[in-house]
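The same chain A turns up in both complexes below, where it pairs with chain B and then with chain C.
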Partner chain A sequence: MSYYFTILSPTDVPLFNIAFGTSKSGGDGIARFRFPDTAQYMNQFIIHSSLDVVEEAQWMNGNMYLKHIDTYPPASAYISAFLTPSGARFLLLHQPPQLPSNSAGAGGSMSGSLLLGSGGGSSRASASSVAANPTSPQTEEAVRQFMTEVYENYVKTVMSPFYRQGMEIKSSVFRGRVTAAGRKWL
Partner chain B sequence: MTQPARHAAMLSISNGGPNAVAVDKQQSQHIHTQSQSSQGLRVPSNRKTIYDRHLNRSRSAELSRASFAFLFAEMVTYAQRRVTGIQDLERRLNEQGYPLGLRLLDLLYYRTMASSTSSSLSSSSTSAAPPNRPLRILPLLHLIHGPLWRLLFNRPADALEHSVSPETPNEYMITDNDPLVNTYISVPKEMSMLNCAAFVAGIIEGVCDGCGFEAKVTAHNQPTEMWPGRTIFLLRFGESVMEREKVLERAGVK
Partner chain C sequence: MTSPGDAAPVKPPPSFSPGVPRVASKSRYPNQRRDSSPSLDADLVDSRIRSPTPPLTATTSDLPIRSASPRAPSFRSSTPQLARSSLGSPVEGRFDGAEEIRSLVIRSFSPVVGVYASADTDELVRQKGFAGGFWELIRPFGENVTGKIVIRDSVGASRGWEDYGVRFVDLAGNSLTPNDSSAGRSAPLAQVEDVLEKQLGSTDDPLGGSLRPKDFLNFPSTSPLYKVFLRQLLSISSATPHETFRHPVASVIAISSRNTAPLETLRQLYADTSNGARRLPDWCHSEYLRYYVLVHDEDRDDIAESTKLFDQMKRHFGLHCHLLRLRSNQCVVTDDDSVQVPECEWLSPTERLYGRAEPLVDLDANGFYLFDSDIMAIKAFIRELVAQSVIPFMENRVAVWNDQVAARRRGISGRFMSMSRRWAGFGSSSRSSLMAGGASGNYDVAHGYYKPDVPEAVLRKMADFAFMLRDWKLSASTYELLRSDYANDKAWKYHAGAYEMCAVSMLLNPSAMGTKMKLDGIDQMFDTACYSYLTRCSDAPNALRCLTLAMELLKSRGGSAVESAARWAMRAMDLGLVGSISQGLFSERVSACYAARAPVSGMKWGSRHRKAGMWSVFAADIWLRLGKPSLASAALEEAERLYADVLDADGRFPMPEMQTFIDNLRHAVKVEYLEARGLDTRDDSVTAEALGTEETSEKLDGRMNRKSLIANPLDSGGLGPAQGTRDNDNAANDDFERA
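On to the complex of A and B.
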């Protein structure tokens, strides 16, 4: 499973974004999207195109966590949304791993041969597990926990007197916290 | 880049239990301190960034009224510099309150969320639903009248009214009999129109805007015999809000 997470201000300015992979069931936390590395902007296209759906859903449903709201079948990308009361949007794109034959090749580029064996094996195993099923209740719950934890850190950012609404979040500590939350729940 | 990732992978292979998570956390903290020490002045010397502080720590703490009065008086004096008139002064006070409203909104929801879910991090028994965002005008007004006022002044506001005139259905009024901000402010006679609670009006405006309800909020004096400092906050919602309100009413959204 690979994730792309982004925070958008109420006026659609990207405030923060990060890409990471799953750390559950033997994942090493590195994002491996199905696009080549030169086409990572595809994630941004897909995630921003779901904003229309978010804006429709946000007036029909008063919850902060809107669950899985949009799907982009060609890349089998699923998008979950979380709205803060002050109008910032947290969007998470998740993409289940591709068939194992391909993922071993992608993994080999960075990690040593030791990890390669275990990585290939685990992704085959996870094809049937929770993480590979983006619309299951377990996944929704894990994403909710992740969003809630990010929200806590977002509130801390917003409460800083030096932060104004709509400013990019550059803090390395915030990035570290989001990474940790991703490692913990996703 | 590869170093922490490989470590995480090994951890989750070896054991998926709570133990692994604890070790993991320790490790990430270690990484933090390393990166922080190289940043110099950007982090406090005791290594406690705002992200290490708990947001509920000051929940029941109260601010000294004297220091607040002093600070607020200074804010009014600051806003009074180079203003063209009372309206300009009120606008400046309003602008000072606005960003505060946006922040308080997020904080308010965070706190109600944290209190409804017991010890948010470890337990998975999050049965109590988090509070809903206001979609219609009335829930928004109740949010301001109750929780927001309690967060700011430790009591709810005194009244909430809808304009009776059929020409202005977009006007709502929130009344405070004795606004805390005006307690130690004495307004000179020639500026009798001035109400420094314009600052609070700015906070309300920030809350409304944050929730997606475009509004103009102003503070007006309306003394009675019993309450000489009685203040009415007049909320005028924009056209777009009223239109959406009608659509949502038809759709049956509460």
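On to the complex of A and C.
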């Protein structure tokens, strides 16, 4: 499972980006998306396009955590969203690893599947874990925990006297905490 | 009505000749677009890309028959109420796109009428210049029956259809034999791709831009190329056992006045079709309507003789006869009352590829002409054939089968019967239920078809008849009845077909404008059909047809159904059913699906413009990789229009990597476009190259884009402003970029 986490300002400007992989079930915490390395813009396109759905869902739902809101089927990318009172949006794109049977067909991802090595096998072994099934209740719950933890840290960071609203978040402490939250929950 | 005058000014405007560098220096081509918008009507009438055919539209509109223009009704909405009003105001004009596709889908399932002419008739017609004989002569006119056809549905309600048509097939030829599956499963799809390739190749001249009549009040109409694709895809299928759309409903048996032994010949022809060489395959129902035509040669023969013969025919064969008076001389362009024969709309991909050599390129050179009187006679003949014989025959069959076969199955006892049969306890057919799974035993496993007289086949035929008569309520319920039977018999192709057509009829049925729950069921049905086609039968063309129909019909539903529509299109791309060109078309289609989602009234949210924009960008990327920069630029332009709502005033994407990608794409499209045109715009390409080297300095490039996008919120901001203000915007925009 690979994750791409973004905080967007109310005007859709990205304040913070991080890509990471799962650390559960033997994952090494490195993101391996299905797109080739030259196509990393795809993550941003997918995130950006899911804002349509976020805008709609935020009025339909009283919660801050909107759960899984959107899917991009061609790359089986799933988007979960979290709203903050200030209008900033947390968006998490998660993409399950390509199954070994699939990656045999896709010649382009040869290097990726080589790197995966035992990772592919172990993720299949733990089919019930967060990584394998992006729409399961367990995953929703794990993402919610992750979002809540990030939200706490985000509030602390934003309250820093040196932070102006709409500025990019460059704090390395915050980045470290997000990484830790990702390692803990996802 | 589309006045014929609209068709004339389509042609390349003086400002858009290849030598003018001013146009070439843009990556957005406002001139082309502006010039193509007046051609919208013409393109709708004649959706073939290359043939503007001013002579056709001009001449047919002179015919005294009401709505005689052979294609004019075709683009009108299928509902009569809309048809009357849809062309009146530009606001309603935007429905044309959806309705047009819907009508295309509906017309693709037209009844098939076989044609079998005697040798002397074919000889007569060959004199007129039609090498294919009588069939080729009448074929184009069958695709659109003039005037309104009134059809009674199963509950007795009548409804008129303006766009009804029948498909003529040549019984003598091989158009009925199924194309051999051994020739490669996806061969038809490859052919479709070839047709698209050909179409693109011939239009990818500097005028390529005019092949997209879009931005009609900001509602992009369907690109003609996509319509070509859809039409080809829907006309792939030949007669197969599992569906009866391509089985002949009736057959025209024609002799001419030259025949010396007319009644003998007619008898001979009939014998040929019923048990001779022209017999239908075993899986076709052999009882179909015979219609006898006497072709009278106006130039050589005596009408009194023919009338006498015709009276005799009427006495012998009853009502299903017609006396068709044709002149046997060949008509040439220079004749006074020469009228061009319309193109066939529904040519199968094979015919497109290998048929008449380049029929579309140069219509004036090898188009066919007929005398005005001949055309009128043929049209009257076909109208009489369809309105007085074919339709009543089909209505009658549906009523009879509904009474005799379907009613028995629908009632409570019918359910019980089929259940008992299934569990092999008792009932009439318990003998045959030795097979496992409670199969009815009617399915011929070895040959893979039902005999045409068992209830399963008759019901399917009845449902197809009802479908072709546009009684979708009846057809949906009948298909629903059949689904489980086919599943029990493991007749997977039948099974897939029943699921597919059940969902399609439900979507076409205007009274069942669905609730959310219904839509779920429909998705489920398409899913099953697609799975059966693809996995169990590995029938790629039908699977693609199923997915495409799903997408188009769900899209025309609007509302939340468009998301399903987009999903089906993505599924089709995912499954690898589409070739490279169709990939681009499907990406554009996904974009159109999302763009069709309207925002919640009065709010800014609820639309899917970001998604639509994203898919347009992907489409541009695909077109560029295929080396079609003009298409890419149009897609990119579309993307800009869609993104205009969601981006800030400065038109920058908030995400840096997206911005870089779009900048690169835009630049590549521009460069390729210039190269493709190979103009003498040396200095312009130099400046383009200069832009290329500065691509790395994002700031400078960004300023350029900002300018180009600034105008977009202006011109797409209000949906209201008329075309004129739009054009002004474009003109202003022009100067912006030049500055």
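The criterion applied here is as follows: the second predicted complex is superposed on the first by the 161 of 186 C-alpha atoms of A that agree within 3 Å, B and C clash if a C-alpha of one lies under 4 Å from a C-alpha of the other, contacts with A are read in each partner's own complex, and residues count from 1 in each chain.
One rule holds for everything that comes next: a residue touches a chain if its C-beta (ideal position, glycine included) is under 8 Å from a C-beta of that chain, and two chains touch if they have at least 3 such contacts.
Please read all numbers here as calculations on a predicted model, not as lab measurements.
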Do chain B and chain C fit side by side on chain A after the overlay, or clash? fit
Could you say whether A:D12 touches chain B, chain C, both of them, or neither, answering first, second, both or neither? second
Figure out whether A:V173 sits in contact with chain B (first) or chain C (second), or with both, or with neither. first
How wide is the angle at the Cα centre of chain A, looking out to the Cα centres of chain B and chain C, in steps of 10 degrees? 110
Would you check which partner chain A:S86 touches, where first means chain B only, second means chain C only, and both and neither mean what they say? first
Would you sort A:W59 into first (chain B), second (chain C), both or neither based on which partner it touches? both
Check the residue A:I30 against both partner chains and state whether it touches chain B (first), chain C (second), both, or neither. first
Examine A:V158 and indicate which partner it touches, taking first as chain B and second as chain C; both and neither are also allowed. first
Please tell me which partner, chain B or chain C, touches more residues of chain A. B
Closest CA approach of chain B to chain C after superposing, in angstrom, is 7
Doubly contacted chain A residues - partners chain C and chain B: 59
Which residues of chain C touch chain A in their complex? 567, 570-571, 573-574, 600, 604-611, 613-614, 617, 646, 648, 653-655, 657-658, 660-661
Under the touch definition given earlier, write down the residues of chain B that touch chain A in their complex. 2, 4-6, 8-9, 12-13, 16, 21, 24-25, 28, 31-32, 35-36, 39, 43, 49-51, 53, 55, 99, 102-103, 105-110, 113, 120-121, 124, 129-130, 132-135, 210-212, 244, 248, 251, 253
Which residues, counting only chain A, touch chain B once they are in their complex? 10, 23-30, 58-60, 62-65, 83-87, 110-111, 115, 118-119, 122, 141, 148-149, 151-160, 164-165, 171-174, 176-177, 179-180, 183-184
In the complex formed with chain C, which residues of chain A make contact? 8, 11-14, 40-41, 44-52, 55-56, 59, 73-74
